[in-house]
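You will see two complexes here that share subunit A, one where it goes with subunit B and one where it goes with subunit C.
So, the complex of A and B:
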C-alpha cells in the first residue's frame, strides 16, 4: 500500500521533470524557431526534418509545442505561486488574529468563493486585461481562498497545541515561531495547495487560449495550439494528437503529484 | 512572611469563558523563592486553567499575577516576551511539546536565544543527558528522555518559576521517580520555585513543600506537605 502511494508521487514527479526538460532544456539542442514560417511546407506530416510535422504556416510543430508548453508552465507556475503566497498571508492573518480581522478575511473569502469562477475568468481575461500575465495575476489574486481556509484551520489547531505554548513561553519572536516552527509543519499543505492550483491554472490557461483570450498570436501555448488545430483542414491529425497528448500527460502528472503528497501526508498522520 | 521572599503572587484570580460561570473562582496564593507549591485537585477542578492564566494563555476575567511584585498580565510587547521567559511550563506530554522535525540542539539553542553548542551541552548535562543527544530528533528519544529535554529547554531561559503541569502523568513508575528526583535536585541546587499542578498523590508528597486543595475552581484547604501526607497517604 505504502509503495503504491509513494509511486504516485514519484511517477508524477518523473513525468513532470521530463516535460520540464522537454519544454526548457530540449530547445537548447533543437535549434528550430517556433515562429519561423515556411509557406512552401505547410501542414506536412511528421518526418525526420519535422518530427511532429508542421502547422498551416509551415512552422515546426515540435518547436511550437516546446515553446507552448514552456509558456503554459511558466504562467501557471507564477499564478499558483502568487495564489499560494496570498493564501498563506490571508490564512496566517486570519489564524492568528481574533475577532473582526479574522472574520473579515474569512467573509471576504466566502464572498469570493460565491462568485462563479468561469464568469470571473472570462471577465478578467476578456474585458479587464488582454495581457496574459496581468490576467493570471488577477486570477491568482482571486484564487487564494481554499489555501487560506486550510492554513487558517491548521494555525487555529497549532495555536492550541503544547508545542506552540512552550515556544511562546520560551519568548521566541513571532517570525521565529512562524517561519521556524509552524511553516515546516505546514509545508505538506503548501505543496498540496500549490500543486492542485498549478493543475487548475494549467487547465485555465489552456481553456482561455483555446477561446482566444490567452496568449496572443504568434506566441504559442498549449491552448492556442489546440485552437489552431480546429481551423486546420481535416487530415492534419498530428497537431491535435501531439498537443492533446502533452496536455493529458502534463495535467495527469501534476494531479499524480498532488495525490502522492496527500497520500504520504495521511500516511505520516496515521503513523 | 517576609515579602522579599515572595516570587509569585496570584491575587483573586477568576478565569472562565463566561463571567456567570467561571472555571476558577477568586483564587489567591503566594509562591516563595525555592518553594514547591502544589495545586492538588480532581480532573476538571481548574488546575490547568490557573496555570494557563499565569502563563498568559488565557485572559482572566479578574485578578492579578505578580512576578516579583510586577503584574505580568498588564505587560505588553517585547517586555512581555522577556517576562514570559522567567516563568516556564513543563507539560504533561513531552512529545507534543517538542517540534518533531527539530533536533534537540536547535530546540535548546532557540530557547537560549543564541547558537552555542557549549551551553546546550551544559543544559543537557544539568538534566542528566550527554552531548550525544544534541543531534537527535524527538522521535529517537524515550518518554523520560523527552521530558528531561523539556526540563532542559525550560532551564535554558534561566527561569525563576517552573510550572509543572502533570509532569509525570505520561511516564512509567521508574521514570516518574527518576524525574521527580531530578526536579527536586534542580530545585535545591538552583533555588528554583515550582508551581506543581497535579492530581497524583505521590508527586505531591515527594516534591511539594505546601499544598493547595482545589475543588470546582476554589481553594478549599491549604496545608503543609507533612499534613498532606498524613491526611492522604495514611488514608491509602
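So, the complex of A and C:
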C-alpha cells in the first residue's frame, strides 16, 4: 500500500520534471523559432521538417507548444506562489491575533469565497488589465482564502500544544518560533495548497487564453494554441491532439503530486 | 433551524451587495469610457459626447452607482450599449441554452459520479477500481472544452453523426413539435456529454474518497461486528455520511460549471451566456456586464446558501461559523 502511494508522488514529480525540461531546456537544442511565419506552408500535417505540423501561419507547432507550455507554467506558477504567500500571511495573522483583527480577516475570506470566481476572472482579465501577469497577480489576490483557513485552523491547534507553550516559556522570539518550529510543521499543508492552486491556475490560464482573454498574440500558450484550432478542428486536428496531450500530461502530473502529498500526510497522522 | 436560515440569508445579502458594488466600481473606474470602443471613429466628436451624456457616463461614478442600484433593486438593468435590446431580455434569451446545458450536465454528472465513486470505493484495489480511477484522473485533468473539441472532431467532422454548432437547425421552424424537441436534443447531446464527463470525474473522485473514509470508520466496523446487513450499512450509514462533502462540492462546483459551460458553449457555438459574457466584456457593454455580474452573484450565493441549509438538515452538527 505504502509503496504505491509514494509512487503517485514520484510518478507525478518525474512527469512534471520531464515537462519542465520539454518547455525550458529542449528549445535550446530545437532551434526553431515559435514566432517565424511561413505562409507558403500553413496548416501542414506532421512531417520530418515539422514533427508536430504547423499552424495557420505556417509556424512550427512543436516550437510553439514548447514556448506555450513554458508561458502557461510560468504565469500559473507565479500566481500560485503569490496566493500561497498571501494565504500564509492571512492565516498566521488571523491564527495568532485575537478579537477584531482575526474576525476581520476571516469575514473578508467568507465574503471573497462567496464571490463567483469566474466573473471576477473574466472582469479582471477582460476589462481591468490586458497584461496577463498583472491579471493573474490580481487573481492570486482573490484566491488565498482556502489556504488561510487551513493555516489558521492548524495554528489554533498548535497554539494550544505543549510544544508551543514551552517554546514561548523558553523565551524564544516570535519570528524564531514561527519560522523555526511552526512553518516546518505546516510544510506539508503549504505544499498541498500550492499544488492544488497550481493545477487550478493552469486550467484557468488555458481556459482564459482559449476565450481570447489570456496571452495576447503572437505569444503562444496552451490555451491560445487551442483557440486557433477551434475555427477548423478537422483541418488542424494535430494542433488539438498534441496540445491536448501536453495539457493532460501536465495537469494529471500536478494532480498526482497533490494526491501523493495528501496521502503521505494522512499516513503520518495515522502513524 | 429558522435562526440558522435567517443568519445565512443576511450574510448572503451582504455578500451580494458588497460584491455587486465592488464590481460596479471596478468596471466604472477604469480610465477611458466605453464609447471609444464601440463607436465609429469616423463620426464627429459631438456624436460621442452626445452618447456619453445620454448614458450618463459623464456623471460622477458615485451618482451613477446610486442610480444603477436604485434601478437594479427594481430589476431594471437598462439597455445594452451594443444591441437594441433591454439587458434583461438579452440575458433571458442567453440563459435558456445555458440552463439546459448546465442543469442536465449537473444531473448526469452528480448521479453518474456518485455511482462510480461508490462502486469503486466498495471494490477498492480491484481491477475495476483501477480502471475507474485512471479514467477519472484523465477526465479530471482535461479542460472540458478540449474534450468538446475532440468529440466535435470525431463525431461531427469525421463521422458526421452530430451537428457541429448552434442550438437548432436552419429548418427548425418547419419541424413538428416532436421534431423540434428532437432537434434541440441532438444539438445539445455533444455539449452535455462534454460537460457531464468532466463533472462526473470530479464527483466520482470526491465520492470515492469520502466513501472510503466512511467505510473504514469505527461506526462502520461497529455495525459490521453487530451483524447488520451490509447493504443497509453501505446505503443507510456510509452513503448518508459521505453525502455531506458531495453536497458541499455541488455548491463549490456551481461556479465552475458555469465556467466550464462558457468554454463549452464557445466550442459548440451555442448562443448562451458564455458568448454574451465574453462579448459584453470585450466590448465594454457596461449594462450587460453589470446585469450578468449581478445574476452570477445571486446564483452562486444562492447555491452556497442552499448547500449550507441542506447539509445542516442532513447533519445538524454543521453550524454556521
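One rule holds for everything that comes next: the second predicted complex is superposed on the first by the 269 of 271 C-alpha atoms of A that agree within 3 Å, B and C clash if a C-alpha of one lies under 4 Å from a C-alpha of the other, contacts with A are read in each partner's own complex, and residues count from 1 in each chain.
Following the convention adopted for this analysis, a contact is a pair of C-beta atoms (placed from the backbone, for glycine too) under 8 Å apart; a residue touches a chain by one contact, two chains touch by 3 or more.
A quick note: this is a predicted structure, and the numbers were derived from the prediction, not measured.
Peer 1: In the superposed model on subunit A, is it clash or fit for subunit B and subunit C?
Peer 2: Fit: subunit B and subunit C sit side by side once superposed on subunit A.
Peer 1: Look at A:23 in the shared chain and tell me whether it touches subunit B only, subunit C only, both, or neither; answer first, second, both or neither.
Peer 2: It touches nothing on subunit B or subunit C.
Peer 1: Which partner chains sit in contact with A:184 here, subunit B, subunit C, both or neither? Use first/second/both/neither.
Peer 2: Touch partner of A:184: subunit B, not subunit C.
Peer 1: Is A:240 touching anything from subunit B or subunit C once the two structures are fitted on A? First, second, both or neither.
Peer 2: Second partner only.
Peer 1: At the Cα centre of subunit A, what angle separates the centres of subunit B and subunit C, to the nearest 10 degrees?
Peer 2: Computed angle, apex subunit A: 110 degrees.
Peer 1: Considering only touches as defined above, state whether A:109 meets subunit B (first), subunit C (second), both or neither.
Peer 2: Once the two structures are laid over each other on A, A:109 reaches no partner at all.
Peer 1: Pick one for A:168: touches subunit B only (first), subunit C only (second), both, or neither.
Peer 2: In the superposed model, A:168 contacts subunit B only, not subunit C.
Peer 1: Rounded to the nearest Å, state the minimum C-alpha distance from subunit B to subunit C in the superposed three-chain model.
Peer 2: The answer for the closest subunit B-subunit C C-alpha pair is 20 Å.
Peer 1: Taking the complex as given, what residues does subunit A use to touch subunit C?
Peer 2: Touch residues, subunit A against subunit C: 110-111, 114-119, 121-123, 126-128, 199, 203, 206-207, 210-213, 226, 229-230, 233-234, 237, 240, 243-244, 247-248, 251-252, 255-256.
Peer 1: Which bits of subunit C are touching subunit A when the two form their complex?
Peer 2: That would be residues 11-12, 14-15, 18-19, 23, 26-27, 30, 137-138, 140-143, 145-146, 149-150, 152-153, 157-158, 255-256, 258-259, 262-263, 266-267, 277-278, 281-282, 284, 289, 292-293, 296-297, 299-301, 304 of subunit C.
Peer 1: Spell out the residues on subunit B that touch subunit A in their complex, using ranges where they run on.
Peer 2: 55, 57, 81-82, 84-85, 87-89, 91-93, 96-102, 110-111, 113, 150, 153-154, 156-157
Peer 1: Spell out the part of subunit A that touches subunit B in their complex, as residue ranges.
Peer 2: 161-163, 165-166, 168-173, 176, 180-181, 184-185
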